[in-house]
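Letters A, B, C and D mark the chains as written, and numbering starts fresh at 1 in each.
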Amino acid sequence: MPPKPLPSGSTTHLPPGDELRFGKPTHGWRLRLYSVIFESETRAGRAFDLLLIAVILFSVLVVMLDSVQPIRARWGELFGVFEWIFTIVFTLEYIARLACLGRPLRYARSFYGVIDLLALLPTYLAILVPGLSVLIDVRILRLLRVFRIFKMSRYAAEYRALVTALAASRRKIMVFVGFVFMVVLVLGTLMYVVEGPQHGFTSIPVAIYWAISTMTTVGFGDLVPKTDIGRAIASLMMLLGWGVLAVPTGIVSAEMVRHGRDATPEGFMGRGLLGGMPPCAGCGAEGHAADARFCRRCGSALG
Amino acid sequence: MPPKPLPSGSTTHLPPGDELRFGKPTHGWRLRLYSVIFESETRAGRAFDLLLIAVILFSVLVVMLDSVQPIRARWGELFGVFEWIFTIVFTLEYIARLACLGRPLRYARSFYGVIDLLALLPTYLAILVPGLSVLIDVRILRLLRVFRIFKMSRYAAEYRALVTALAASRRKIMVFVGFVFMVVLVLGTLMYVVEGPQHGFTSIPVAIYWAISTMTTVGFGDLVPKTDIGRAIASLMMLLGWGVLAVPTGIVSAEMVRHGRDATPEGFMGRGLLGGMPPCAGCGAEGHAADARFCRRCGSALG
Amino acid sequence: MPPKPLPSGSTTHLPPGDELRFGKPTHGWRLRLYSVIFESETRAGRAFDLLLIAVILFSVLVVMLDSVQPIRARWGELFGVFEWIFTIVFTLEYIARLACLGRPLRYARSFYGVIDLLALLPTYLAILVPGLSVLIDVRILRLLRVFRIFKMSRYAAEYRALVTALAASRRKIMVFVGFVFMVVLVLGTLMYVVEGPQHGFTSIPVAIYWAISTMTTVGFGDLVPKTDIGRAIASLMMLLGWGVLAVPTGIVSAEMVRHGRDATPEGFMGRGLLGGMPPCAGCGAEGHAADARFCRRCGSALG
Amino acid sequence: MPPKPLPSGSTTHLPPGDELRFGKPTHGWRLRLYSVIFESETRAGRAFDLLLIAVILFSVLVVMLDSVQPIRARWGELFGVFEWIFTIVFTLEYIARLACLGRPLRYARSFYGVIDLLALLPTYLAILVPGLSVLIDVRILRLLRVFRIFKMSRYAAEYRALVTALAASRRKIMVFVGFVFMVVLVLGTLMYVVEGPQHGFTSIPVAIYWAISTMTTVGFGDLVPKTDIGRAIASLMMLLGWGVLAVPTGIVSAEMVRHGRDATPEGFMGRGLLGGMPPCAGCGAEGHAADARFCRRCGSALG
């Protein structure tokens, strides 16, 4: 059985499961539109993807430049025009996405559907609200458009793989962060008592902010211990944070080493590390070890 | 050989050993109270646990908000009332815990017993002491109540697992920290001599505090070398600290990878990683995936 | 099966492939020149290498000292003379390199060929340009000569191995950095909205610079959040950055562990780790220690 | 063959090799003195060790406190007396060490012999020099006595193991640090050109100091980029440093994982990880894998 080509480099937007979930159209203009927007195997699909990435990056760049005072003073009006062009382009794209799907509402409620909508709303709301709200609020809504960049994550299979890898150790890291938070709470309170408001530790929340910046080895230096006892406690916290920092790294390292050993084909480093065993011809089970000669689930010989 | 069910997700407060140690009651109201307070399989037990977690979190939040000057000015009296309600609730809970155990004194001397008591004492001591001591001392005692949050650690099996993992590499990390401390002592002294009091390095302990903040890559910036030699030494220390930082991470990573390989079922990441499958009866091959039903080398069925 | 000698410690400048690519001469003075310049097995070749390293280091030292104002005021003219001596030496060396190769143009376009040229150009351009350009531009060109130090990388096999190891995980780290950049873009924008120009976050690019310095745990402290919400977001970013920092470390650790397991002889840590012993002919057991002469499972002699 | 007890927890000062090298005495008072000073199996030997550790720690504490101005003003004279007592005690100990060895000069030239002498010299030199040198120089000599603390490293087998582990990956980390130094040199020079003396980057060495503090994620904040280009370069450096930081950690992690696998009995984590296979009864070879049944060197069956 020859190993069939793997779609690891593929940039299909919707995995097979999503095709069913959102209702891939079966014929006519909607199928053609679908294949351009949601697929990237065809030349038109790939061109659409690259164009969309370029527009997203350019629109984010415009928002960023618009925030720099001297540039805004000079090009502000042009940016306003661009702003509306981008918004109309993204609106048309959003409508097209919904139009070609069999179950548009289900897509609209999915993660990327919400992100797509969030990228549109601020500019429209900015028209309605200015008469009611103050200027700063409008700007907050506008800046939400930066979320557009998250749409990019859909275009690179590598991004999705990385998110998967982070999600795998997410729970362990969360538990660890919770543990760190408890330590930081107690030590921050201790520093609040030791240093007190006269040295900048004006409240327990501020002291916790300082404790986090110390234990994560960020160390801004806006708050620093000034008493001898405070410096001694800070020294212990730095050494403690240094040692404890090893834990999340160890979790992820072990996860990565495991991926290499277990050869899960869709895993973060899987394929690259172990050379990609084909799925079982008998039962379709995947993720066989690199030295496997028989399917571990149904026992039939592997290619 | 059927795989036996694993209690990894269980949230029983007392492990089997502790049931014997503290004397689990065998019948009557004490058994019912015990099952509510110390166990979480029943509906009442789980409700009690969730309620207690909520009260602990809320009481810690009150202590934190009470330290913020503007909030305290406005809500201080209400916080005082909450303070007493929490203290009475925790006192009743503490008495109930002792009452339903066969060996209450042994529990009172255990780690959680002491934590439980420490969470109560400050508020009561604040009544007795004010006539004698100054106000600031009382506040120190008050803030000890933040230790209440440690009671939470009992409610998550994950927390206990993490503590176990840290404890396993504790000795090695301690030796390492000791080694780092020696290096920091010598280099701090060197910087004290090179930079001297005129650049803020007023004594060897201060210079050691600086050396720790540099080698742990915290770098507050309250003390910085100003001479050329001082900056050269600081550069070497930063590179040294960077390289040496790898050691505790390596220790914990190796520990985690080992856990995965040895398949200790109760270990930190154990079960999930390798599943501790028995070797193949046919060919003796080891290291089967956790979901394997057939040997990957010879194809015969696994136990 | 006698273990064949490994060329891991060899310092031949051009790997066998490059000998063909650049056209190694076959006889006469060009072969002699080639063996001195490009090879290091002969005494003359090794002496040439060491001399060149010394000259490169010395020329970089001169550029560095030339930038220190008091030293420049006193020794500036001497540095100018050295500058020209170094440039002439490197020019002659560059000509000699091209002269002895069969395909000099191909070498000139290779990575080291370009570096060699970049190390020469600034000093020459500084003669032509001064009449046209301002002084500061010239200095920029001059400082490019620091790139000379990259020529050193050719002289240590270890350097090349390290570059290989970094290149192996380069793509994964790049994807990760891209992911981090997206997070930093969104969180930086959020901080720009929350803190605003009055607290130093004058534009989104500045806020992104701050977000990067926070999530990488650098924490300069030139910009710090001053509002309560800003500090809360900063705390979350620090914890997030701390957890996420584990990812590149995990990638590289897994890569290194894999190198050790696969026993690739030319790999970064390869040979030293497992030694690539053949499996036992008697029982097929693998993973023998590098110094094993008998199978640890069945006791029969190993190849 | 029962596994014979392992001396892993032993604190014998001289390993068997050193006994031959330095000439362990064979009888009389020198043997008794030797067993007290260099060995720790006897009660007298252990008491001597603990006493020496206590004296070393106390003497270091006195030097540290002596540097704190208010404490020195009050207790300075007492510290001077202690100073002399410690020096005399260490002098007597040094003489005793040399006296009981067969080859005292060889010991005096060994690492610990030099450390022992360095711990004595400053106080004596402080008598001779004051007439000639200025006061500050004398203090420098005095502070060298902090090296005394290094004598402690002899008393803990764990310390020695850690040093061994660091030494094992020393060469790789050094190569890596050299690589980082090249990057830092080029980027520091670039920042010197971009930011220039007006923003604090007064010379290339200062810019390199800043580049190191940035790439190691220390980030003191005494020097910060102020131009937009400078901040962009700094952002790239921070991300680069973050990714590159993974390399030494990966090196050490892989080393630690390997130690666990190869079961080198004297290695850093060796014994603890693999349960300690006994040495071969036939040839005395050590470090057998945990699953070994036959000696890998001579092929005879293991106990």
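Annotations for the structure displayed:
The rule is simple: a contact is a pair of C-beta atoms (placed from the backbone, for glycine too) under 8 Å apart; a residue touches a chain by one contact, two chains touch by 3 or more.
Keep in mind that this is a model prediction, so the values were computed, not measured.
Here the chain-to-chain distance from chain A to chain D, counted in touching steps, is 1.
The chain with its CA mean position farthest from that of chain C is B. Two copies of one sequence, chain A and chain C, touch each other mainly through non-matching residues, since under half of the numbers at the interface are common to both. Looking at B-C alongside B-D, one finds more C-beta pairs in contact between the chains of B-D. Distance between chain A and chain B, defined via averaged C-alpha coordinates, is recorded as 29 Å.
Inter-chain spacing, taken between the CA centroids of chain B and chain D, is 30 Å. Work out the mean CA point of chain B and of chain C, and you get 41 Å between them.
Among the residues of chain A, those touching two or more other chains are numbered 176, 205, 208, 217-221, 245, 249-251, 253, 257. Chain D makes touch with chain A in their complex at residues 217-221, 249, 253, 257. By the touch criterion stated above, chain A contacts chain B in their complex at residues 171-172, 175-176, 178-179, 182, 185-186, 189-190, 192-193, 197, 202-205, 208, 214, 217-221, 224, 228, 231-232, 234-235, 238-239, 241-247, 249-251, 253-254, 257-258, 262, 287-289, 291-301.
Those residues of chain B that touch chain A in the shared complex are 60, 63-64, 67-69, 139-140, 143, 146-147, 149-150, 152-153, 156, 158-159, 162-163, 165-166, 169, 173, 176-177, 180-181, 205-206, 208-209, 212-213, 216-222, 245, 248-253, 255-257, 259-260, 269, 273, 287-289, 291-301.
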